[in-house]
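Below you will find the structure I want to go over with you.
To keep things simple, chains are lettered A, B, C and D as they appear, and every chain counts its residues starting from 1.
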Amino acid sequence: MNKTAWKRLTKRTEFYIFIVLIALIAGIQIVSGGQLLEPTTLVTILRGMVVDGMFALICLIVMISGGFDLSFPAISAFAYSAATTICVNQGWCETNPLAGFLLAILFGAILGAFNGWIIANFKLNTMIVTLGTQTFFTGLTMGLFQMKEITSTLPASFRALGESYFFEVYNSQGQRSTLTTSIVFLIIMIAVTSFVLRKTMFGRALYAIGGNEVSAERAGYNVKRIKFILYVAVGALAGFIGMVRVCLARQSIPKAMVGKEMAIIPAVILGGASIFGGEGSVFGTICAIGLITVVSNSMLLVGIDSYWQNFFNGLVILIGITISAVQAKRQRR
Amino acid sequence: MKFKNFANKNQYTVMLLVMLAAVLVFFSITRGSLLWTGDAWYGMAMQFPEYGLMTLGVMFCFITGNIDMSFVALGNFATIFAVRYMAANAAEGASDGHVRAVIVTGILITLLICLIGGFINGVLVTKLGIPPVMATIAMQLVWQGLSTALTQGNTVTGLPAMYTEIGHSKMFGFLPFPLFIFIIAFILCALIVRYTVYGEMIYMIGTNVKAVRYSGINTDRVVILTFVITALVSGVGSLIMVSTMASAKADYGSSYVMRVILILVLAGILPDGGMGKIPDLLLALVIIQIIASGVNMFASLNTYYASLIWGALLLIVLIASTKLSGGIFKIRDDKKKKQVSSQ
Amino acid sequence: GSSGTASSSSAASSEAKATSETASVSAASAVEAAAEEKKAETGDTPTIAFVPKVMGQAWWDYVQKGVEEWSKDTGYDVIYKGPTEIDAAAQVQIMTDLVNQGVDILCFSPNDPDACEAICKQARDKGIIVISTEASGMENIDYDVEAFDEAGMGGFLMDQLASSMGEEGQYITMVGSMTMESQNNWADAAVARQEEKYPNMELVPDKRVADDSDAEKAYELTKQLLQKYPDLKGILGTGSFDAPGAARAIQELGLQGKVFVISVAMPSEVKDYLADGTLQSVGLWDPAISAKVMLNAGVDMFNGEKIEDGMDLQEKGYEAVKLNDKVIVGDGAIAITNDNVDDFGF
Amino acid sequence: MSEYLLEMSGICKAFSGVQALDHVNFHIRPGKVMCLAGENGCGKSTLVKIISGVYVRDQGDVFFQGQKLDRITPAEATRLGIQVIYQDLSIFPNLTVRENLAINSEITDRRRIVNRKRWTKTAEEALSRIGYQIDLDVKMGELSVADKQLVAICRALLFNARLIIMDEPTTALTKREVDALFRTVRKLKEEGIAIMFISHKVEEIFEISDDVCIMRNGKNVFEGPTADLTRDDFSYYMTGRRIQPDPFVPEHIQEKPVLEVEKLCADPYYHDISFQLRKGEILGITGLLGSGRTELAMSLFGLIRPDSGKILLNGQPVSIKSPEKAKELRIGYVPEDRLTEGLCMRQPIADNIMLASLDKVSRRGILNHRKLFSEACRWVKTFSIATDDPHKYAQTLSGGNQQKIVLSKWMNNNLDILILNGPTVGVDIGAKQDIHHLVHGLAHKGLAVIIISDDISEVVTNCSRVIVMKEGMIVGEMKSEEITDQRITEIIH
């Protein structure tokens, strides 16, 4: 590697998050006596990353465009609750989950369009709009439509999808664990998001708008339309991801998404996205989600008392973000 | 004529007044007999001071262009200590004077811990340059984690009766004590914001931190002080919460974080900084509380209808405000440019 | 003022428009309000409020159904209102509203009993009848209704677990969150029972884990626990999300018959695991019946009757209740197994 | 076909009551440079935005190559070959140079998929037009203003442009870069491309333009060949008053230096800087962008910590750790960029003026609003800041007046030393004159002033002593008589 490339690399937040992640894995591996890198633990961690990872990616694309979405958990909750409710009532999806997914995507897209309409049309601060729509959508889900938890009556195909796996692994004690098929959703989403962000003009438009919205307009982008499409897509994806979660957890709980944004957004920022827009990468985001999932999945292995887990969670985020902040500050000099 | 002038200058306030009137008319018509009772208003007056104080505290943060998500967790952490202390030292049968001294010490302990917590937030944001959302979300986890660890998740009880009684007493025979405290704090904060150099500086800092720094003002100190004030004022809210609940716990008031932000935004006090007026805050608070209590007057509406109405109201205000001159909720280009260039 | 909605100011109606149904709902409830007023005047029909821990969870939806049923049977209206999040502060606020509306009977299940003392005191000072559940230690209540006695639930769960485990081996406790009062109390009681009765069982050093009331987290935790403690044989949960999550992990790990789980759970959520043998049994009481008993007790008191030891509160398991000071204890604990899982409507 | 490329007549545009343009007539010939001049806020940028389709005109006709245009949209303007380099450059700081250069044509060609090779080709083609070289992988935000400007120019050239409009392209450029730009402009002229050029720098206008259009208060007051104008007339048309050159004559420079800098170093910005400053004098510091002059000033104001060396104030060694400390030591600083460093745009003019001296209008932390306002009004009057109400936001002022606010901010502070960094960047000649007068007055009253500027004529007329910096070192120093344009230019290059 030549020198300038190296220098450029060391300037990126992603680089540091990656190093922290590796160091952390090594550290936990040692402290836990080699339990972290057991295949069974690894597949569990991967499984844990599926939903959060995908959520983080939609958060990332919004943040790249200079937005801030607080409403995606509320959209997701509405979409999957409505979709599963309809499926259960109609007796759909006993053998094929497609209809459920399509419904969730449709509902997500509709609510996303509502976001997009307000944001694009009135040029309002996105964080504030989505704070309003988050509250409003939650009111819709739980108040107006009073959606219920669906557990044992969940359509069989959802269950089957959640239970399906690629392969089995065994740990040294002979315990079995499986790698869920849903991991492909994450992989596809990583691939598609990277491709869109790096290789399509739509993705570049998001970076451009996040970097300088006025310039993007002058350069000829239809900023209004792009933003609208963005929020519709994010809504649709939120619905889809919610459905994946329903399948994995084998239950549809309308309240399960409450506060999710407060877990996801810090991870995305930790992964190098800028709250002012225009910065951020899929790699960094996935590293950060990996970091957080590894931490939350290895607290027990490392022997941290359950009562102290929240504290250590906070501490890890704080340390991670301090490293990247201090490094950024040093560079500014 | 005079009104017209006022209305022109304070379009946003007028809009909130209209909202308030609309909400009142709506509930008067549908639930007049329940709304217009002394008890109903007394109930509301008992409820909003605790999160009202938190809102008041976080307002300072918002004005400087920062955000605080840790205040509830910090308040709980602090009051856990205070309640433990009070429980341990004000034994049954102790003299009134002694109990009074213990209570005062307990309050001071709370405020001291809040002060430290606010200071840590401020240092993380100014000296380490961590974005405030991140720093305070992390600190929220830290405080809540510490509280859970220290109490093993249990409720801390044993407050001297005197303390809880104060919380439920009435000043001058009619004014609920929490409301009294809120009014005092509100007036104090309004005076600070309007009539002190500090108040002037936070608005300027919220608009452009760099310009203020380049005017020879130690902005880091002002911002740290702001986080401390936020923590202190919202700490008073926590103290009131503790007295209504007669106990302290790691997760009390966890639903207040989002509510406080919602109220501030509705009041036009945005985390972008440099904006908003304190009377609007009062209006927004009252609107939010009336909706919450109003929804509770309908036997058949579940509580989520309050969310529904809050969200709808905020969106209506947002969209309506684009028609006003100024357009406070618009994307702030200047703000963004500033941030980018200062990075 | 039922015609009022149409003539209210434009802003108010635009609000109503935002949620098209609000308007019709409010028109309907305007009629209700008038009805309520009339009742309050005559004085012989109580206004009753029931405050659950939280709205929008299956458990409490089921309770709500029970309350509505009761309401239909008795003809008394019940205001069913709880916080949107599991937050004691928000719950106290709702109780404050209800107390100040002047209800006659207040039934509730506190997120945190201590937090509710003050508002309950106020309520009782106003002459409101206050009935709680899952709060046997409370002071400012008229009565507390329990399906079993406080330590009983923990002991009950431990007995079940011990018999599955053959009264020996390592076990751990699991709760919804470290701050949930009743769940933690049950877990404590369970541990106490083990120490007293099952010397061959051993609580592992981690003692207790919390799954944030999320079956997915319970699933992950179980996997970690089994990784860390290969000899772990039992998980004693007290939250309703513990068993479904843990069972799923056990199933996946292929440890059926080697690792055992017991917890409080909704029958519908664990049905499949009971059927395939991953779970042997779960513990439960019927919360809807408890709720009805609370309402019955409240109405009885309102009508001037006295609550006495051994009296019949007109529900299954409460035909002859025990009265320990203020605590009405029924015989409501049930073990749900594959055989009786379908007998429950929830 | 008309001899004009672009012809505009009777253009009007009003913004909520403000008549920004009032029957403006305007012509550009192909292959010529037309200069648009006028005071801050006279409507130049507005006119540009009408041509480029950002704003819609209220009235008037536009002909392009003899064809009447009814409604201009930005896309239409691009298609016609009109390219604008905006005052704020319209670049994307978070993207690489390559992408910045390629983005416009990618959008125009309705590309969907990124093709790095094509980007590189486009970018290289753009750069080659003016023979400018730069690493394509650098992020735009990391470039100096001058480089950004050149990239923006290159980008504009890509589109077979027939008319290139540059809104104050030289504000941030140093002499050498301006020369390079002008070479480019001449080359473009030869290719038959018309250039519309907006600038506040008289010298440049006379150097490059063929025609001039001068505007005042939204009306054009002169249109014709540059050759027909003298510099005096030019400034008269612009400001409506005769502006006399007024060089600074120091009155009584104190013997003892108030500030001594000894061997000051701050890696990597500057090295081994030593100089002295006396009360009553105006010291100019000039040099190319990146020569370390801004960083030196920042060190004197406590914004950058020097690594070694000494700073002495009145003979006492001091350590200036923060701007707060600097203010305490009676040092004031007017920063380079008034938008991001100087002003709180969305706060009232009055509050901005008093920002550095809140202690003068308060007692024990309690602010005296009435006093604040009356003090501010005094400065509004003294500095003739053009506003009807100091309660209005600073945003509502034009550049020159905004600069006056930043300056007046320090006036209440009883300073010993005032450091002005680019005090008249983007300020029209009228306001520039005002500002220079004010600074002279301050020096006469016994203040020690440092002016940092790359406007050499500004340094020449206003300074009694000049230091020239290059690559972080002092490479020349000259006293009043020796200071000439030529000598400075020689030393710099």
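As a convention for this text, a contact is a pair of C-beta atoms (placed from the backbone, for glycine too) under 8 Å apart; a residue touches a chain by one contact, two chains touch by 3 or more.
The shown structure was predicted, so the numbers you read here are calculated from the model rather than taken from an experiment.
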Two candidates, A-B and A-D; the one with more touching C-beta pairs is A-B
Between chain B and chain C, the Cα-mean centres are separated in Å by 32
Cα centre of chain C to Cα centre of chain D, whole Å, reads 70
For the pair chain A and chain D, the C-alpha centroid-to-centroid distance in angstrom is 44
Two or more other chains are touched by the chain A residues 138-140, 142, 144, 146, 211, 214, 277-278, 305, 307, 309
Each of the following residues of chain D touches two or more other chains, namely 93
Contacts with two or more other chains occur in chain B at residues 148, 152-153, 301-309, 312, 315, 340
Chain-chain contacts, ordered by label, are A-B, A-C, A-D, B-C, B-D
Interface with chain C, chain A side, in the complex: residues 32, 35, 38, 40-41, 44, 47-48, 138-140, 142, 144, 146-149, 151-153, 171, 173, 175-178, 245, 248-251, 253-256, 258, 297-298, 300-301, 303, 305-307, 309
Note: in the complex, chain D contacts chain A through residues 54, 74-75, 78, 84, 86, 88, 90-95, 99, 103-104, 106-108, 111-114, 137
Listed in rising order, the residues of chain C that touch chain A in the complex are 19, 21-22, 54-58, 61, 84-85, 178, 206-210, 214-216, 219-221, 223-228, 230, 244, 248, 252-255, 266, 268-269, 271-272
Chain B residues touching chain C in their complex are 18-19, 21-23, 25-26, 29-34, 37, 39-40, 42-44, 46-47, 50, 148, 152-155, 157, 164, 167-168, 241, 243-247, 249-256, 292-293, 296-309, 312-313, 315-316
Contacts from chain A onto chain B in the complex sit at residues 66, 118, 122-129, 131-144, 146, 211, 213-214, 262, 265-266, 269-270, 274-278, 305, 307-315, 317-318, 321-322, 325-326, 328-329, 332
